[in-house]
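There are two complexes below, and they share subunit A, which is joined by subunit B in the first and by subunit C in the second.
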Partner chain A sequence: MPLSTQPPASGERYVLTASLDNARHLSSLLRAVHFQDHATCFATANGIKVTVEDAKCLQANAFIQAEIFQEFAVQEESVMFRINLAVLLDCLTIFGSSSLPGTSTALRMCYRGYGYPLMLFLEEGGVVTVCKINTQEPEELLDFDFCSTNVVNKIILQSEGLREAFAELDMTSEVLQITMSPNKPYFRLSTFGNAGSAHLDYPRDSDLMEAFHCNQTQTNRYKISLLKPSTKALALSCKVSIRTDTRGFLSLQYMIRNEDGQICFVEYYCCPDEDVTEADL
Partner chain B sequence: MKCVIGGGHLRVFGRAIHAIARISDEFWFDPVEKGLALRSVNSSRSACAYIFFSSMFFQHYCWTAGSKSCQREKQLPLPCKLIIKSVLPVFRCVNMLERNVEKCNIYTNINDRHITFQLICKHGIVKTHNLTFQECDPLQAVFAKHMCPNVLKLQSRLLTDIMIHFPMSQEEVTLAVTPMKVCFKSYTEEDTDFSKAMHTEIQLNPDEFDYFQVGVDSEVTFCLKELRGLLAFSEATSTPVSIHFDRSGKPIAFSIEDMVLEASFILATLSDIENETASEQPPRFSQGQDSKSEKTSVDRDSNSEAIASRKPQWNGNSQNTELVAPRSPLAKQEIKIIPKISNKDTTGTEGTTITETDDYTMLEARPTHFDYHKSKLLHTGIGFCTWCITCVVSYLYKYCIFQFHSLFFGAVSFKEKDAINHILHSLATASDTEEDSVNMQRSQVL
Partner chain C sequence: MRFRAKIVDLACLNHFSRVVNTVARLAKTCTLRLTADKLYFILSDKVANGGVSVWCELCQGNFFDEFQMEGVAAEHNEIYLELVPENLSRALKTAQNAKTVKIKLTNKHCPCLTVAVELPSLSSSSRIVTHDIPVGVIPRRLWNDFREPGVPDFDVSIYLPVLKTMKSVVERMKNLSNCIVIEANLSGEMNLKIETDLVSVTTHFKDLGNPPWASDDECQSSAQGRDLESMAEARIDIKKLLQLLAGQQVNPTKALCNSWTAQLCCMNVKCFAVQIIYRTCLEPLSRMKGASQVVVYVTIRTGV
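Up next is the complex of A and B:
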């Protein structure tokens, strides 16, 4: 195995080492949050959290648990760095993103610490590529303070029910309005575009609905341009949990099952569209 | 108006919308007592589609506004003009529709000027699209199919198999008939580089047709784009296609008829320049449903609104057409030079010239692409001299009149008719000042 013979040994100390026999497990999750080029990685003994933010209104987190990796070691309590996600994805798919059956890219990832580049050793069919990606100063991340005790409404849907809806969203509409209610229309997605309005209603007893816990009627609007990137995560996922809290903040949690049957999560937080709510008051 | 389409028929309806989308950006949704008609005419008036679904096509069909308590005016169904772009997403993936959608309700709400498409899908999901519409009388083609000397009828499958041999880049095809044989061949413009062009020709025996009647030997050239749409639609209904046509320059009609629906697509054909001068015909206008619309004040108001909203466009046209200079002998000289310039070199100027020519030729029925090429090369060929340009414009105008005289359908309302008369009148009396304004405008563009 060429990876084991690679030089990250010889006394050098890495704060983070991880190896994975199929780099696609990592790249597909990263692609689900790739709507901005810069991501902040935060590693603990539990795994890596990759955070991407946009417009101070949207935050996406991809959680890659330690169990996904064949080897995962963090020497410090936590390791944090910022990285260009586009470059990282390009490197991870350097042998091609389409997978032929039976071929997979093995990955070993090492990081020596603050100021050092992230090193990737990628191997496929006996060919090894070494990538060094410069890391950047981590920026402060948004704290959405989305606490499960403040959750008002929660719905778990099978993703297929939402996929078509998101694919057909009227992009001439500035906002997507989400209504969740214990009464009719239960769960409604609405857009207001140039051509008119469109509503999509899901009854609570639909067989796509895995869980329906709505306590009060809530109608909030979210910028459609902010929600659209979550389609990437939706496409990979099998289930989605939609939650709103007392402030109208939206949390979308996507459950993603990879080829080996392991489960990962990608989470999106989004602020409601303020202007509209003020106008409504 | 309220109608319900069952899951099985939804594919047919979806295909109809897609076929109509090939014609134009807009279409009319025209409910009448016997059923629902969809109509469309393209902006250059060279193609027109009409698809009629009889009330039997629907699970439920009610053409009036509904309950008996309604006021009189509400009981009149209103033809509504919809933007096809907004309707297409409703029927985006036609094959998926059949699988996922159990039924589709379509109803109009006159009070808030909306037409609602409601799809009842699997898993209890309900999709509701409220689309705004504009009330206005539809354009109708004036074309007597039964007067055509040539009638061919064939299975849509066969016609599809013929058309599949023409590459997607092929814009026009020629249909040549004699009592002995039928031939579909690719149409190429005279100035095309033949070393690069591919020529396809498919010959058919009269036996291949379900019905074969050739009164006149003729060769007609028409656009393929619209026909492809009709073929996709007829495949969903698996009905034979009838082709009615006359000599070149007269429109050609492709139609299908079924127990529950009928459709006809009428396309302009190219005509030969040589034998056209004599047979020029004045445009004919049809008055959509005018008598009906005058019955109610609501209708009349909305009509005049619609007309008013369209009026600036016509004024714009008349302004542009007024700019056409009197025909001078110089223009003819120019014409002779022009065909030598290869239109391959001129594509760069497309952006500016197309919009202009579109205005000039909009009044005539003509195949779109054909003109563009010609006019493109006209403009670039003589860009150095503004005087020449005016001549060319006048040539272009004449050219259109003579070559595409097949004005088989016209305006909707009296007001528009007047507008056209006005344009034609002003063409004849273009003054010097207008010529000057042409020069100025042109030089800016060029």
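Up next is the complex of A and C:
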């Protein structure tokens, strides 16, 4: 075992221990939600959920299932702590973020419980790095109360279709307007920038459209500055599910396949822009 | 005072460019010292440059096909020039596939190092690009400022790990902290450490090997009789260390080098300095007269 050079002292009890052959599987997912420096980690026997929030309007969750890890054990029902995500990412990629083929960073992660630091043991090519990242008091997270029964419209797209659209978004526009409808224009992205407005329509029978379940016409506006961070997840993903509920809340679910073919999900929730109804009426 | 030199061999030219690029990354201005058989790039340790000093020594015979120089006087057959290495590095960039490169000392309005690059051309007329790099001639009374740094009294000397690994570790650590602690012992172990309110990170390298210093008895007084396991440590500015690691361009490509080592000397507390020595041994190439090495000493003062 490469990590045996730095074994955790046998007397210590950890509430969370996890090991991973390739730390990049974790770091790339975390990078997909890294738009704020602080993240809340929530671990259960199923895996770890890392939550990042912004402006009380946006929430991103990265789910790393227990199966992704070679070893994963949680001693309590759930373990929760807040951590500086930028620091965690720097530690995970200490041997470089783009490793050469054939080399990978092995990771062992341990947490003793409330008030203790998160310990990372990383090994690559016989070099061992030990990191102790201080944890912080977890803050209360937003509950978007987004349940599938209230979903009005749902579209599953291949990510490449949305990637192009997001890359060409007119960033001088304050909002991105999303129209989903059972009739024409089916799925439309609109921006209203300095140089004029732009509309991008996806036909219902497009090759990129994996599923189309729209029940009623819905038009909502979302702050473009809030949606922009989700392009990090979009870049990694292969499919994206776009859902809106009765209140116009947006859920973007990205399916991300790692180098070993395992599938993980990153989810973004975003509130609609308030004044849309007044402007429309 | 006269100086003219010519490079014809492409491998020699590329190697010379890499050395100049490395120096350019380490120092904004430096001193070029020319003697009958050697060239030196020197940055002396001054407070103004943040405590980094560089000593780079090249044998002219390994690079130049022609090398003529005449110093100020027969008994002081040397030339000292003040130079912005970046300018020389840029001039050599245009010479990547040149037929010949001539470097000479000229006087055009002011003293200049003129680099004339002859590029390959399809027609019979030649294409020549000329760069005039202004230099300052350093008078003889100041020459004493640029003496070779001796190998200082050190506690531990150790070979550095693969520089790419070390660079990426130091790069991440730079994001987390301003200063880094380097620890090393005589059993080939080295640790890089940072510690802040948020995080503490330690990277352990082992089996690095300690260079034998048996021949220079006078410089190992502190290292002798030292406990093999005990760590000597130095705390230095992480940006300076990264600048050094990122700046090294004298790449150990297999064709050119058969060995590439960097030695780190962790100084004892009195000296407050870390010294890194690069040695690249060039394999005798067709044009070269034998194996040679480029030695770059870099000293970084430790933070107080």
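We take it that the second predicted complex is superposed on the first by the 277 of 281 C-alpha atoms of A that agree within 3 Å, B and C clash if a C-alpha of one lies under 4 Å from a C-alpha of the other, contacts with A are read in each partner's own complex, and residues count from 1 in each chain.
One rule holds for everything that comes next: a residue touches a chain if its C-beta (ideal position, glycine included) is under 8 Å from a C-beta of that chain, and two chains touch if they have at least 3 such contacts.
It should be emphasised that the depicted structure is a prediction, and the values quoted were computed from it without experimental measurement.
With both structures placed on the common chain, the touch criterion links A:L200 to subunit B but leaves subunit C unconnected. In the superposition on chain A, A:K184 makes contact with neither subunit B nor subunit C. In the superposition on chain A, A:E168 makes contact with subunit B only, not with subunit C. By the touch criterion defined above, A:R257 lies against neither subunit B nor subunit C after alignment on the C-alpha atoms of chain A. By the document's definition of touching, of the two partners only subunit B reaches A:L208; subunit C does not. In the overlay built on the shared chain, the residue A:G96 is in contact with subunit C alone; subunit B does not reach it. In the superposition on chain A, contact of A:I133 is made with subunit C only, not with subunit B.
With the contact threshold set out at the top, not one residue of subunit A is in contact with subunit B in one structure and with subunit C in the other. Put simply, subunit A touches subunit B in their complex at residues 161, 164, 168, 170, 193-203, 205-208. Those residues of subunit B lying in contact with subunit A across their complex are 83, 85-86, 89, 92, 96, 100, 114, 123-132. Those residues of subunit C whose C-beta lies close enough to touch subunit A in the complex are 161, 164-165, 168-169, 172-173, 175-176, 197-207.
Against subunit C, the residues of subunit A that register as touching in their complex are 5-6, 84, 86-87, 90-91, 93-96, 124-134.
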